[in-house]
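These are the structures, in structure tokens.
Across the two complexes that follow, chain A remains constant while its partner is chain B and subsequently chain C.
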Partner chain A sequence: MATVKTYDPELLRAERRKRENIRRLKGLGLHALLITTLGVMLYPVIWMVLSALRPETEIFGDMGFIPTNWTLENFVRGWQLYGNLTFTQFYVNSFIICALAIIGNLLACSMAAYAFARLEFRGKWWLFAIMLGTMMLPIHVQLIPQYIFFLNIGWVNTILPLVVPKFLAHDAFFIFLMVQFMRSLPHELEQAAIVDGASYWQRYWRIILPLSMPALATTAVFTFINTYNDFFSQLIYLTDTDRMTVPVALRLFLDPSGGSSSFGGLFAMVLVSIGPVLGFFLASQRLLTKGIATQGFK
Partner chain B sequence: MSSIDAANDPVLTASETARSVREIPRNRTGSALKKADNRAAYLFLLPWFAGIILITALPMLASLYLSFTNYAVIGLPSFVGFDNYVRLFTSDRRFVTSIWVTLKYVGFSVPLVLLFSLTVAVALNRGLRGLAIYRSLFYVPSLIGASVGIGLLWKEVFGERGVVNDILALFGVAGRGWINNPTFALPSVIALNVWTFGASMVIFLAALRQIPESYYEAASIDGANAWQRFRRITLPLITPVIFFNTVLLLINSFQSFTQAFVVSNGRGGPVDSTLLYSLYLYQQAFQQLQMGYASAMAWILLIAIGLATALMFWSSRYWVFYGDR
Partner chain C sequence: MQEFRLKKRVAGSLLATSILALSMAVLPNGAAAQDSDLQGEIRFSWWGGQVRNDKTDRIIQLFEGQHPNVSIVRENADWSPYWERLTIQSTGNNQPCAITMQTRWLATYARPDILMPLDELVENGTLDVSGIPEPVLNSARGADGNLYMIPHGVFYFALMYNEQMAQTAADAGVAPLDYPYTWDEFAEYLTAILPHLPEGAASVHNMGREQDAFVTWVQSHGEEVFDGSNVGFTKDVAVQWFEYWEALRTAGVTEPPEVMISDNSALIEESNIANNRGFMTNRPPNQLGSVQTTVDTVSPGTTIGITPYPVGPDGTVGMDIGANGIAIGASCDEARVPVAAEWINFWTQNEEAAGIYESDNGVVSIPALATAQAEDPDTQPTQVEHIELYQELIDTANPVFWPAGGYQALTDTLNRAYDAVAFGQLTPEQGADQLIADLQQQLSQAAR
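Up next is the complex of A and B:
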């Protein structure tokens, strides 16, 4: 924008300062806009946090935004869902499933990814295409026969239908993510190992896996988040109250007969339930946003 | 699992070693190497093979078969030909409703998510301070948006005594129970989906940061204003990412389940206004135990998603710009 007509240094400097000020002002405006947007978006969550921390009777009504009487009674009440059934059990159930799912995905997906990324074999192109294709399949076309099958072999109401598929690399997305990563590793390292007489398994286990840590960590975190949040399959497969996971148990708050008249308890437990996901995210934030950015994940 | 090892290891001759060090392995021609690679690869793929056959292919075939039967879990499936498909389209009004609800849901949420995510990404991509913090905060809803907990929260937020009405009251607008109102229940669920635009935004942001600054400088010198720079530089260069995000969002939204389930307590109400396709399928399969009927629904969904994706790929040649190609 060649608008400066003279070359008087004084004028030039003034011009530059003016432009600098405008830029700064625009920046401030943008910050204000973004913060307002975030405020509106996160307001419901903040409202829930504050509601969970105030006495039941003050949640709805004109008691002001910031609670005057802070309390933890909602957490105590909510934790005790009914009878001797507490969220302790639901969290244990959820975490067991998550832990096994993570181990399964890390092992099975990385093995498949190693083959696709680092080895040559017949039918590779077709198999890779099939693998990508399965990423787009809606779960519904497999769900019903799977359910019937698991029902017939007595797996319904156990964690097996939720965990075993992970050991069979059912989450093709993570294979894809790892393939992309492993492909980018330099070949020289593996070549050196071949010269040293390393077996395929050693090349995979000692060289490729340790170098793939970022992809493995991304897989672990997302497996946790997806499995922990997964409502559909847990709803279908876990029906006994003592087998229930956190999302399935939360659902009981919907049941009018489930002693759910307590909104405080509900908010407190919702808050506690999203805690692990947020915790995992904060702990691995940089890694994750990088992973999402390069792979595209929801 | 250590059985996959030493036995398969190739004996490397000196010349082969020298060559394989020089070349990348995929260009190796030694047949001994290839054979060993072959065997090792199949062993590494064994779990995946088992999965593809046992929990993907066979169940898919079975569900295709079941879709032509009447099957209520107990007893044997009885073959009824195209009966389920005919019934779905001719005499099941709830099915037709669920299609409309799903189309409305997808048709509103996908463009809105794209709009929000792109706008915020462009705003964040201006060398702003605190980019990492903004990015994380905008991403938070995507992490928790699919959970039952947030569904429960949404029910209260859009309930009669919820936050939305509190805010409206500030502007003197009389509130209502949004989530129990047939007109506003679905928009409330759509709002929840749009709320999670952060995931798409992160992908857009990564793409925006790859556009060389020099393009914009050159355009500025030529006198292009901010809108022209966006319209003529940014937009064409990120069409591949818009395409990618759209396909991803389409596939995901067609299958949305949890939030509609939670806000309507599994019923899809009020008056079937939140009866998403997956929810109706769930009701047919696991409440009515109409496994054959629900299988037919599953296959229709598969075909619909396939068609939508194919349409996107077909249309991409008219609007997606792949660099020099």
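Up next is the complex of A and C:
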């Protein structure tokens, strides 16, 4: 005779509550761990923000986390680096270089990528291999020959060495990124355009480029971040203080050779200088993640 | 369609912006020529932070005010990038006309194809070196005997200590340390003072890895650090050096090795002396004002004093001195040399300029100007102390001739060797062998 198994509803509810409590506890523990990790990671940034907002003399003197005296003096003094030099000039210089570098990379790298991805021509794979090979050349090998070359053509102390190469598809990484993306686009779209009589240029400009928006956005964001943060090239090519850029100017607050350093001004200006990168990143975050999701992990 | 037109307009305006910006970038930035005896534009480079940059800028403005037809293009950078840029510029023969130089780095650049030999300009009176002491001027000569820079500031290394901690120890019966004292007396004093320091504070920063202290040790023991492009000291003196600091470290007089590494920052704000974590450390006295300012915020009422390094067993003073000055780039064309020379004369000889600079990068090289600064009631007391100690020690100092790459090589190899000794990986004998072998290898490489 078959026995009917009966369940006590109270016992079931208690069991469910127990499981729910364990789940909640696990969630709580996980969140506590994540929040602690976040706190540890953000602590230096928060400390820097708060240090920028306290008087210079209290940065290393006041052991409290929250400033006792709040001030914007560091921003005022930091902005006016020295003499007639202000960060307004450095931002203008940085933004001009960044804008030109982005335009250059988007145009030139996408054209080179289109050629590698969609066209057939003699020596294509050799050229592609050479292009990839240039990514492995250390900067130290290129530094002196490049400097002497740019010096000989009279480009030192202008922004030309920093932007003209971008218009000549100089960044192999971005070409590679776009090649990978363009290869994944359906060939039928381009074939339809060929049937309609579209030229190479029209196919590139009207079909491939609009469809490559995520890859272009990724290129734009990384070009901006790389160029905006580039210290060494800007240091050696832009020698005149009037032409200095933000990363080079930021180094002038500290004097490890023994003179006085201005940490207040440094923190304030570092804080301000993060703004454009953060803003650019947030504005293009959607396209960027799409670009990485569709391309980055192939 | 409308979207396509819009994109076309955006693309068009982006291209127009690029063309406009590119054309702006290639416009020359030279100053217009004006009528004057002295005219032209020179590039002047220096290193430093915000305070020094501001002072330098004020001196340039003063000079340009006195020479309205002269323009000085400012090129400044932080310490390390400054040398990196100068090296790259020198490879392309594009170094500035007036280059701030330091004796410790001079040998790397002291070649007629990088820096202009200045003896002829001194002989014909274009460069005015009157008042600069002969030993200081001679420290600006290269290995070939040519004068390559005109020193404007002389720096030296000494020890900084917390005056209140010294007083507390003295009150408790520890006999004060009166200069001149030997290295052994120094060690005895540091050991005696330890029980009277606040909890957790070390008597002295472990200087086993500090090249300026090591140089003083070697010279005070009657040996040379370098013999041309070779190592000049013996293994014995290096072994004794490591043993000296190991004895202090194991007795708890210095900080432990891991703290020694983390305390090694060049930034004053991170130093043990500025943060009340130690009684004594080695720092260039031109940093005294900055250290005092930092201490004022961390521990109001604490004052920092300076004292010379110990002397050798027979009383030999081993202190090295160095100089910062201005050199003329070999690529500076003939028309600009008089401007560069006048600029150097102004920087080194002009009282007002010296007053603005306030011996910021070494005590002003002309003794009369140094005395005037020390006597000026507006000069900071720390700066007066810095100048007075310099005047007391300058006659006994023993400047080192640093071969090409020697400064960096000694710093790196000594750090590596002593770190290995302090962390127990090498014995002092093995550390000394490693130091001498590595240093010799680097010196030979740099001399090629």
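Descriptive notes on the structure:
Here, the second predicted complex is superposed on the first by the 253 of 298 C-alpha atoms of A that agree within 3 Å, B and C clash if a C-alpha of one lies under 4 Å from a C-alpha of the other, contacts with A are read in each partner's own complex, and residues count from 1 in each chain.
Just so we're on the same page, a contact is a pair of C-beta atoms (placed from the backbone, for glycine too) under 8 Å apart; a residue touches a chain by one contact, two chains touch by 3 or more.
If you're wondering where the values come from, they're calculated on a predicted model, not measured in any experiment.
Per the definitions stated earlier, placing chain B and chain C onto a shared chain A by superposition produces a clash between them. With both structures placed on the common chain, the touch criterion links A:134 to chain B but leaves chain C unconnected. With both structures placed on the common chain, the touch criterion links A:88 to neither chain B nor chain C. Once the two complexes are overlaid on the shared chain, A:252 sits against chain C while remaining clear of chain B.
Judged by the touch definition given at the top, the superposed model places A:184 against neither chain B nor chain C.
Shared-chain residue A:236: touches chain B and chain C both.
Once the two complexes are overlaid on the shared chain, A:197 sits against chain B while remaining clear of chain C. In the superposition on chain A, contact is made by A:143 with both chain B and chain C. Of the two partner chains placed around the shared chain by superposition, chain B and chain C are both touched by A:60. Contacts of A:21 after superposition: neither chain B nor chain C is touched.
The partner that reaches more residues of chain A, of the two candidates chain B and chain C, is B. Counting contacts by the rule stated earlier, residues 60, 143-144, 147-148, 151, 231-232, 236, 248, 251, 253-255, 263 of chain A appear in both its interface with chain B and its interface with chain C. Those residues of chain A lying in contact with chain C across their complex are 57-62, 81-83, 96, 99-100, 103-104, 143-144, 147-148, 151, 156-160, 163-164, 231-232, 235-236, 239-242, 248, 251-263, 265. Contact residues of chain B toward chain A in the complex are 1-2, 4-6, 8-9, 12, 17, 20-21, 24-26, 28, 34, 36-38, 40-48, 50-52, 54-56, 58-60, 62-63, 66, 73, 120, 123-124, 126, 128-129, 132, 134-144, 146-150, 152-154, 156-157, 161, 163, 167, 195-196, 199-200, 202-203, 205-206, 220-221, 223, 244-245, 248-249, 251-252, 254-255, 257-258, 261-262, 265-266, 278, 281-282, 285-286, 291, 294-295, 297-299, 301-302, 305-306, 309.
For chain A in complex with chain B, the touching residues are 1, 27, 30-31, 33-34, 37-38, 41-45, 47-48, 60, 107-108, 111-112, 114-116, 118-122, 124, 127, 130-131, 134, 136-149, 151, 165, 167-170, 175, 187-188, 190-191, 194-195, 197-202, 204, 225, 229, 231-232, 236, 247-248, 250-251, 253-255, 263, 266-267, 269-271, 273-274, 277-278, 281, 285-286, 289, 292-294, 296-298.
Residues 14-15, 17-18, 21-22, 24-26, 29, 43, 45, 47-54, 57-58, 61, 73-81, 84-85, 88-89, 91-92, 94, 96, 266-269, 274-275, 283-284, 286-287, 289-290, 293-294, 296-298, 360-361 of chain C are the ones touching chain A in the complex.
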